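Structure first, then comments.
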Amino acid sequence: MVPINLDDYERLARERLPQMVFDYYFGGAGDELTIRENRVGWQRLRLRPRVLVDVATRDLSTTVLGQRLSFPVLTAPCAFNALAHPEGECAVARAATAAGIIQVVSTAGTFSLEEVAAAAPAGARWFQLYCYRDRGVTRSLVERATGAGYRALCLTVDAPLVGRRDRDERNRFGLPPGMTWKNLERVGLDRMEAREEGSALVQYISEIWDPSLTWEAIEWLRSLSQLPLVIKGILTADDAGRAVDSGAAVIIVSNHGGRQLDGTLSTSEALAEVADAVGDRVEILVDGGIRRGSDILKALALGARAVLIGRPYLWALAVAGQAGVEHLLELLRDELDLDMALSGRPTIASIDRTLLCRADGELKK
Amino acid sequence: MVPINLDDYERLARERLPQMVFDYYFGGAGDELTIRENRVGWQRLRLRPRVLVDVATRDLSTTVLGQRLSFPVLTAPCAFNALAHPEGECAVARAATAAGIIQVVSTAGTFSLEEVAAAAPAGARWFQLYCYRDRGVTRSLVERATGAGYRALCLTVDAPLVGRRDRDERNRFGLPPGMTWKNLERVGLDRMEAREEGSALVQYISEIWDPSLTWEAIEWLRSLSQLPLVIKGILTADDAGRAVDSGAAVIIVSNHGGRQLDGTLSTSEALAEVADAVGDRVEILVDGGIRRGSDILKALALGARAVLIGRPYLWALAVAGQAGVEHLLELLRDELDLDMALSGRPTIASIDRTLLCRADGELKK
Amino acid sequence: MVPINLDDYERLARERLPQMVFDYYFGGAGDELTIRENRVGWQRLRLRPRVLVDVATRDLSTTVLGQRLSFPVLTAPCAFNALAHPEGECAVARAATAAGIIQVVSTAGTFSLEEVAAAAPAGARWFQLYCYRDRGVTRSLVERATGAGYRALCLTVDAPLVGRRDRDERNRFGLPPGMTWKNLERVGLDRMEAREEGSALVQYISEIWDPSLTWEAIEWLRSLSQLPLVIKGILTADDAGRAVDSGAAVIIVSNHGGRQLDGTLSTSEALAEVADAVGDRVEILVDGGIRRGSDILKALALGARAVLIGRPYLWALAVAGQAGVEHLLELLRDELDLDMALSGRPTIASIDRTLLCRADGELKK
Amino acid sequence: MVPINLDDYERLARERLPQMVFDYYFGGAGDELTIRENRVGWQRLRLRPRVLVDVATRDLSTTVLGQRLSFPVLTAPCAFNALAHPEGECAVARAATAAGIIQVVSTAGTFSLEEVAAAAPAGARWFQLYCYRDRGVTRSLVERATGAGYRALCLTVDAPLVGRRDRDERNRFGLPPGMTWKNLERVGLDRMEAREEGSALVQYISEIWDPSLTWEAIEWLRSLSQLPLVIKGILTADDAGRAVDSGAAVIIVSNHGGRQLDGTLSTSEALAEVADAVGDRVEILVDGGIRRGSDILKALALGARAVLIGRPYLWALAVAGQAGVEHLLELLRDELDLDMALSGRPTIASIDRTLLCRADGELKK
């Protein structure tokens, strides 16, 4: 099968990846209700196309934090890309750069942040991080990311502890011998091999992440670096307001792809709330459940500046490495391009709430 | 199996048609959400029958643009009818004429518009068209349609580009050798054979249709011909208002059978909105998801003057040619006739919004 | 399997009856949406039980038209009971009488109304009728029913024509040799054998029923007899008001078990509307989708005085004749008895709208 | 399979238990609609996590009636625990005590209340009871429970009669030889062996329980003992108000796990209503459909002080006796602990209505 949409890549990856790896990428917390609702949430929204608009040329480009994107997509900070393909985060870096988009590089990389940066020097990337019990570890990561030319710091705030994913518990998920949290090698925290029982990830993280983090940490992080701060994992208007007040430059509406707390607001529900609350004060991104160009269109109409995709690029990476990710981004870009034409919104700026309603006519305010 | 309803014809056609052809007719854009919602949208509406009305005689006839229809159905402008049956559009012309309804003939016919007209001279038909990059092509089609006695021009406005239908991409959909866009033969644009990869249709259309069309084109089209103008592909009140202002005589509420932009309003949702907005100023038709006489009843109750059916007549054409289409129209007419009797609305004029409510009592305004 | 609930009888009957007969009883019009919605409509309503009520003795008895029922159920007027069992309507008569409830005897009986009356002289029964093109036929039936001691006339008003049931079309439904519309033997209209194609019922009825009936007929019918008039087949407040104004003593909210017009209001939706409109002026019954004692409880809470069951008694009749119907009525009675106890409503009079709400708290007005 | 969540225990127990026993525990009344809705009701609620809260330490402990619980769970009063495991209620007693929670001991124990108390003397437990036709039986049970150190009396009020569970009818559910209602041995009411037909439980209970109980009984019960009174089986605001007025110290919102009246309010719906009505005047517990830590979180957010789990501990008991129950409680506790961290509510007191909304944004008042 030649993959012609994002779901095709998932189907192909399912055949190729070891069960433990596929499950780690695919699965989520609890009963995986949030995974389902993220997807269905986008599908429930209805598009209201406008006809007889000149769509001969479409311009999908936008900016996030002043950085130009060829189309409003970033790659989300997924862990352990080398589980999918030996070139891991480096292949993603090259694909994102080729596509003209931003890669958000995970702390939990199987290549170091310097290696990723070196793999595609021309590219724009952000560094995602957690805060460690040992603040020195965090500080050092910030310094290294700054030094390596990363453009923003992305703090994930929905993971004071790691979610419990039953698939990983059953599979006793851990990294294979020789694969490590490369960024933490210098501080001796890079080993996370499979253990006797349960998920090695859960056990590892409970030892090193700092679950006592509060908004004070935002101030501290901002003191470490001139880089703009992106806060990832906001689902409510209240927290969005606090994030803006604390100086966040970007908010990523996210429930961590359903991998942390099962049963939350879906991402489309949360995006509407957050955009209504702070849409005029901060740039808003969203991830979770985006699989089609029309999903991007809906997210932008609700108020997102761009979206992040996570699992899909892992599937493409597993199937065909860098070329796979490039192809996947091209498929998604083409879908968005066409859907912008067909909805009569040839530019990003022309996409607004008038493009949407719910089933049977509500919303559209 | 002797077909006794429209779905029977679909089942039979599925067995008989080559997969590529069945998929081309059956499928739609993206995840085919809109195809499903079109169908379910009609089913969700509830009928409120009126009893003890004299229904001994029912009159299903109506007029559209002053033209009498024996019952409120037109055949939609579907492309390439010869894929279903060698007599293609000509067989449909004869069936529609025999049934006393209007055939809306697609530009993308496998017979020329003159051949179709000659196949059933007594029939009433409209000519559907797109606007080409070369306006001379459009002008010539308009002149030919006028000359061949067509009664109206139907401009499709939801297709500045053609939708991406994954089935066609996989099947590398194209026309078999010898079959062409017959109407474009004179301008040398009739060849659309299968290509190395992807849908030949998508590639073909991207080269010749004009994606820069705006409302100005309506004015231009109206200047070419005295024929009334039908605008097909409107889904919102705003666009309906502009269509009326620009002089459209008929609006067809349509999402192109879910083949263009996936995830739009369903046709029943859009019809309610459009009818509320301009129902008193223009004739409104609707297509998408109509499979039962009771669906027609619901569409008329929402404010449509008539409905178009697309896929179903292709199934009947595939199964039994002209006779199949005639039989199918008879089945649908009989269903509507009975349902008008059983709902206490023996004439088209007696069908109004009081006949409808949503599940659990809403609507009915 | 020993049947312990109504659905068990359906399962058993499905095994035993010829397909054509099972389909005739089981099926409905169109896509059978209304059959499904009738069932689901009751299930969607939520019960609000009241605790610590003395329910040591329950009194399920009620009256309809002053006639005592041991519990609030009547057998609905189903046609051709002998298709299920040789004793047909006579077995049902004996079972209903034994159970202390009213049998509504269908005109379309396979035994004459006199035979049914003679089968259980002590029982109370109503005679259901249609109006024929030849009013003499109707008048004669009314006279015979009056003479045979029937207590009410039940005019079915949702069938100016008979619904189109695709199962019957496929099966070419007709009566087997020797079985007839016994009540119409005297007027030579009793033969309805299977025909070359389609449903014999549809063809038969289109020739003899009067589709021109209006409210005037109610006046005429009332002039023929002193018997109270029951109007069966009302789904809206408007028609309910007219029925009351025209002198109906009882309204039966019904969509003919989904066998006439597919896609109507469900019976629970219609009951709520009708009860709100005329609940204080007339006795209201309901049929359609009742399969559990708790469904009866819900119907009574919405405002019905009693319910009719149709298909279930046919299944029991098919499985075990009179004894089967008696057992089925006992099962249903026992369920209602228990559910009245468990909801803290030990008498029929104590069942009201406070017992109900919709999912997530609406209704309960 | 090593069980890692509550549903795993159900799957394992299904394999191990005799069908009659599994069905008795698993099944419910009627069509088991309420069982399904209890589960789905919790799943439909959406969590609104708060980020950047210090959750380094979580305190799951709470009190019910002043008694400390290590986490807000009690074991529900399920009958006949020895059907699952020979040590029955005694094993549960030891597990609950080890876990630091309250066991609500059923009257219908297969061990006497004194045996259960002796099995885990350090534990806190309540005694659940019904009222018998012979009030002396009830009085004697109250005296024995008081004497044996039980901390509260829990009167079940949703069972004036026992619900009809079709599974038990089919299986002719009864106790195997040698197993009895141990608590009623002294009064000679302990035998409930399988009978010729139907459920022995239904027949047994109809003879001894008092279906005439009213609120007066509450007063009488309170006169018998100084123990606080818990009323179990309230679903509406009205009854909750009466329960508080009559001196109940705790209300348990419950529909008896869907085993009594099928089609009631789901437990989450009822909890919201009851908490709104009397949440400030009484302690409220809830049972029914709780299978995940996030369900507990939702229940507490709606206003419950703690939840009861029933079926799940029976599955664990069947799979591994006391150790199984301990493990199950640990799994549930760990899930709640993590979900409190991930929702930014590190203490029970921090869990309130702001944590919840319905799909698409309603509620949250």
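By written order: A, B, C and D. Residues from 1 in each chain.
The definition used in the following text is that contacts are C-beta pairs under 8 Å (C-beta built on N, C-alpha and C of every residue); 3 or more make two chains touch, one makes a residue touch a chain.
Only a predicted model underlies this, so the values are computations on that prediction, with no experimental measurement involved.
Looking at which positions face the partner, chain A and chain D present mostly different ones, since fewer than half of the interface numbers are shared.
Distance between Cα centroids is largest for the pairing of chain D with B. With each centre defined as the average position of its C-alpha atoms, the distance from chain B to chain D rounds to 59 Å.
One finds 42 Å separating the Cα centroids of chain A and chain B. Annotation for chain A: no residues touch two or more other chains. Chain contacts in this assembly form a single closed ring in which each chain touches exactly two others. Under the contact rule defined at the top, the touching pairs of chains are A-B, A-D, B-C, C-D. Across the complex, chain A meets chain B through its residues 2, 4-5, 43, 45-56, 292, 294, 298, 334-335, 338-339, 341-343, 357, 359-361. Against chain B, the residues of chain C that register as touching in their complex are 30-31, 33, 37, 157-161, 163-164, 166, 169-170, 197, 210-215, 217-218, 233-236, 238-239, 242, 260-266, 269, 272-273, 358.
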